[in-house]
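Right after this note come the structures.
Next come two complexes built around chain A: one with chain B, the other with chain C.
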Partner chain A sequence: MSRSINVALIGNPNTGKTSLFNRLTGLNQKVGNYPGITVEKKEGLCKLDRGLKAHILDLPGTYSLNTSSLDESVVVETLLNKNSKDFPDVAVVISDIENLKRNLLLFTQIKDLEIPAILVINMADRMQRKAITLDIELMEKELNTRVVLVSARKNQGINALKEAISQYKTLKTEPCVNSSVIDPEYFSRLSKVYPNQQLYKLWLVITQDVNFGKVDRGRDYEKLKSSNFSVKSEEDLKKLQHKETVVRYQFINGLLKKVLHVDTVHAKDLRSKLDRILLHKVWGYLIFFFVLLLIFQAIYDWSEYPMDWIDQAFASLSQITAESLPDGPFTSLIAEGIIPGLGGIVIFIPQIAFLFLFIALLEESGYMSRVVFLMDHIMKKFGLSGKSVVPLISGTACAIPAVMATRNIEDWKERLITILVVPFTTCSARLPVYLIIIALVIPDQDIWWFFDLKALTLMLLYLLGFAAAIVSAWVLNKILPIKRKSFFVMEMPAYKLPMFKNVLITVIEKTKSFVLGAGKIIMAISIVLWILASYGVGDKFNNAESIVKEQYAGQDVEDKIIEQKIASHKLEHSFIGYIGKAIEPAVRPLGYDWKIGIAIVSSFAAREVFVGTLATIYSVENIKDEDKMNETIKNRMRAEVNPILGGPLFTFASGISLILFYAFAMQCMSTLAIVKRETNSWKWPAIQFTAMTIIAYFAALGAFQILK
Partner chain B sequence: MIYLQYILLAIAAVGAVLWLFRKSFFPKKYDSGNCGDGDCGCH
Partner chain C sequence: MEKTIAHLKRGEIAIIKSFSETDVPLKLLEMGCLPGNLVTMMQSAPFQDPIYLNINGTHLAIRRETARKINVDPYV
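Coming up: the complex of A and B.
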């Protein structure tokens, strides 16, 4: 029989909690959400000695138990609620050797809850280089518990940690800090009213309400609430919390003085040298700008070849399918609807993978935090927080995780503004649309010998997204009547060589979710669109052939052209033709025809559907043209003729107009849904949708009318 | 044979429409998925 114990992993953000979790659990992980709230819940299994199994819960990163965000309150909850099935038998508190002082604050708090707690000091591999020495034995004595040095990166100390976990019963639970010194009078009163309760726990329960309402803290809490214990004013409690922190730091300082030695002369302090440059008032921004430039250049250049192969492969696949399956409407659906539609997604895998590769590298190396720091005082001017940079940058992947990433912004106003403006950033779903239009309307040219004009355009579009976000944040900051209260804990991890495994997992994860998530919708929409485009009612559709033939009767026109005209005529009078025509008056001033109108409407399900839609529609139009079957989407779109202007449909003017429309419009139902969830009302998503659509329409209108 | 193709076509069409309908109006609860890290039904 194997027994199982609950282990909670707790630690400040960036201490290597995730890496350690991965080390302990390997692939035995499950990611879900805490019931009712949107905080991620990661669990995993780890085998210990003698048939003991550890059920490991990776709690969200937190700085202290004085919570100020939803993520953090989950930690407090788990530790306070003895009746919860997640209540840990042992808490493993992770700290980082270079940030011990700050990390220990959390440890002392947990220790004072009298939960068996093991202190893990991670990143031991950096000790030598930084000339740090640590007296573990003394530390264990002072802290009254086990202390384990590990390196999650080098896989050192993990076994010792497992050993310590399996001996959790021998851990002492005396507190390190006597919490009653916070306010002796108040605490003695508390202990009189609740003689059998643990004081620090009571204290946490009381102060939780100040920071954070409406969370379920189990029966003890309910009892406390209903007992009407004379609670201090919020302000007093805050002051006492502050005092608690001071008391703890006094203890920690004393401890570290005894056990920790840093030989500053011998430390090869790369960090401060790098920081001096990367955080420089001028160089810092310049470097950030060039990093961005390089990333976009790479996305463009490196992915060109795989993209061409994919494009060709799907075109051939269509052809082979059409030739080898028995003739009929279902075969046509596969060859002309589904395959080209899916091809329109798969083709963007290389670019998306590259983008996430770079984002993961920046995050892993520690540079991203410098960017947050660098941007903080700029962001503040626009009503955002330095922490908004991460959502805005993750917005380049998908607005949904980005909106969710705003949860660690403490101030509600800053958070709301970030949520509202994040959808302006260029998400990966916009990328396919941009790429294809840029390919069509921006000339092949190099600027300054090196930079590709197309790459520059792409980068400008990303900057445009950020600019739109920032400007609207500024406006919102002026008009939203919400008070702000904010403080900012700046997180500055050391620079590190990115861990290959972490980067790889991110890239695979993101790419997979893009392809699978988008793929299903694209498939469904391709099917519907193909049917709508291939069938219709009425004489004009059914007699398309005779109508067109009559039109050209007596003229010397090639058969091929006639066939094409018939297909075109059919499409125009198919179901989708009617839908497109109905929207055409609204989009014509922007320079679009009814086909683009259809694509725009269908992309409200998901933006990346745009390319798939166009691929399907244009493919349908060329159905009778055997030679053209092999052509790629890009060429087909390029050959398209604008019905109003006569010239190519995608001129510079209409292309730019379309790009601008996509840049500004809120075209994602799922984002609206998540905004509703995060703001708890339909008001904000409704405002967001209306405002963004209006901006998009007028930007596109303006661009087309000026450029045409 | 051609009927079979029409039947398959009809099934595909109905399936696709129903699926899209469900996806837009009854989105999956997020707490079942791997949220925050990508696949949150965001596409």
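Coming up: the complex of A and C.
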């Protein structure tokens, strides 16, 4: 029988933790969430020798155990809670050879919790180039632990690490820094009150609230809080934390003086050369602009081909299903409800994958931090932080991870504003709406030699999203009565060539979770819509056939057209028809008919539902017409006629109006839920929803009335 | 007037002496910004803010307003 042990992978950001995790687990990993919170939980399995299996938990990157964010507090929670099923048998602390000093701060803290810990020094392949020598043996002795040199990038030292993990029982657990020296009297009092508790653990529990205090830490913690022991003021505790950091660095400096030698004369540096160009006051911004342009070109142009195939494939799948299964409500549910709805989500995959690919490349290479650095000053003027750039860019994929990515913004006001404006950025759920409408109303034309007018329109829409976000940030900064501390600290990591495997795994994981998450909502809505569109009450619905036949009696009309008219008549008098007619007065000034009205209303669950909804409505309408069955949704929309004005429904005016509505409206329940969670109140999502919807309605109204 | 990190010129090295405010964020200390450590001014962003430092081997960016709170001694 195989035994399994828990291994926690811990380390500073930018130490190659993810690369090491990928090396240890391969594709044998899964990503989920910690219960009750939105922090990503990455786990994987790794086979060790002698039938031993390691269950590896990749904890969020943190600089220390003094938490100041939700991500960091997950690390502390895991290490403090001995009863949790995730509590590690051994902690693998990863550091990087060039930042050893800073990385060791976290290591000494973990060691002081008396958890068996292995120190991994990554990027060992850079030692020679950087002219670094390290006395491993002495280091192991001084730190009382195992030290393993690896290069996750070059796949070196991984077996030695696995070996060290499987011998975890031989690891010593003595602490290396005595933290009680920062206030001996206080600590001795503490140990008298809690004789059975480990002192450093108590200290961590007491101080967690100083910088951060939103997460439930279990019964032990509540007991400690209610015992009223914490007689020190927050101010004093903060001072002690500063003192503790100084004590730890004294220990680390002493250690590194003995074991680490750097021959600076022989060290070569790529960083300063690249920084000179990428952070240049002209070239820096120009390069950033071209990087953005490239991303949009990829999303629009390159992903068009796979998207066309997917569109066609689903249309024919629908047709084949309808033809090969026996007639009946079940078949129509599949052919008219589920398959078109599913197609509406699968078609996103190429674009989402491209977006995540570029974001992963920017993050992995170290370029993203340079963008933050370049943009901070400008963003600050609008009440944002340079770090808001990352959420705003990843908001182009999806607002949900973007809202979560605001966690590393130190200042609460800057963070709140970022959260509130991020949903304006053009997320991938808006893309299919934009793409299909651009295809309908913007002419095919090349501008310059490379970009076509449609791609340029799309780029403009992205810029519009950013502009809306920035302008509303500026307004919020003026009206929100919160004091800004204007505090900003960011590590500038070394430049790295992105690792293909890391990027690939990120793209696959993110795309998968997006499609599955959104897919569930879309499926549910598609089924509900199909039911509403296929059933109705009253004479007009039940006797549709005789009513229409009567209308055309005596006229020379093809059977086919009559059947289509019957289907339209039925749809108009189905449940959904009545709902649509009820809201039509509200959307008519914007240039829409009741079918688009339905699509907009269902889009408030999630924007990506729009295309799926129209697909469902139109296919219910056209199902009897076999020639039309395999037509793509685009062609069906083109054929729609404006009920009042006559002529095509999708004109330049109504198209632009629809695009603007989607650009500004807050149509995503999941984002609202995340905003509620991150701001800890319903107040902010409610304000966000109301304000965005009002802006959207009037922008669309204005556009249609001016352009028509 | 006390010399602070904000006064450093590009490429200039100094020794961190003290903080002029007690409310310096812990994160800064954890990143190695402690009295006694060396600080090198790498470069300023366009518009002079934020600034890019090498403190104790760690490369980090902070805003000028924070830099003004960190006093330094000249390094010889």
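Following the convention adopted for this analysis, the second predicted complex is superposed on the first by the 460 of 708 C-alpha atoms of A that agree within 3 Å, B and C clash if a C-alpha of one lies under 4 Å from a C-alpha of the other, contacts with A are read in each partner's own complex, and residues count from 1 in each chain.
Throughout what follows, contacts are C-beta pairs under 8 Å (C-beta built on N, C-alpha and C of every residue); 3 or more make two chains touch, one makes a residue touch a chain.
Everything numeric here is computed off the predicted structure, so don't read it as measured data.
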Have a look at where A:L279 lands relative to chain B and chain C in the superposition and call it first, second, both or neither.
second
Please work out whether A:Y249 is in contact with chain B alone, chain C alone, both, or neither, and reply first, second, both or neither.
second
State whether A:A429 touches chain B only (first), chain C only (second), both chains, or neither.
first
Determine, under the contact definition given at the top, whether A:H377 touches first (chain B), second (chain C), both, or neither.
second
Once the shared chain is lined up, is A:K101 touching chain B (first), chain C (second), both, or neither of them?
second
Once chain A of both complexes is superposed, is A:I531 in touch with chain B (first), chain C (second), both, or neither?
first
Just chain B (first), just chain C (second), both, or neither: which does A:A673 touch?
first
In the superposed arrangement, does A:M692 touch chain B (first), chain C (second), both or neither?
neither
Can you check the complex and tell me which residues of chain A touch chain B?
31-36, 38, 40, 326, 328-331, 333, 397-401, 404-405, 429, 509-510, 512-514, 516-518, 520-521, 523-525, 527-528, 531, 605-606, 608, 668-671, 673-674, 677
Complex contact set, residues of chain A against chain C
63-64, 66, 68, 98-99, 101-102, 105, 211, 238-239, 241-242, 245-246, 249, 271-272, 275-276, 279-281, 284-285, 369, 372-374, 376-378, 380, 386, 410, 486-494
Name, in rising order, each residue of chain B that touches chain A in their complex.
1-2, 4-6, 8-9, 12-13, 15-17, 19-20, 23-24, 27, 30-43
Which part of chain C faces chain A closely enough to touch in the complex?
22, 24-32, 34-35, 42-43, 45-50, 52, 56-63, 65-66
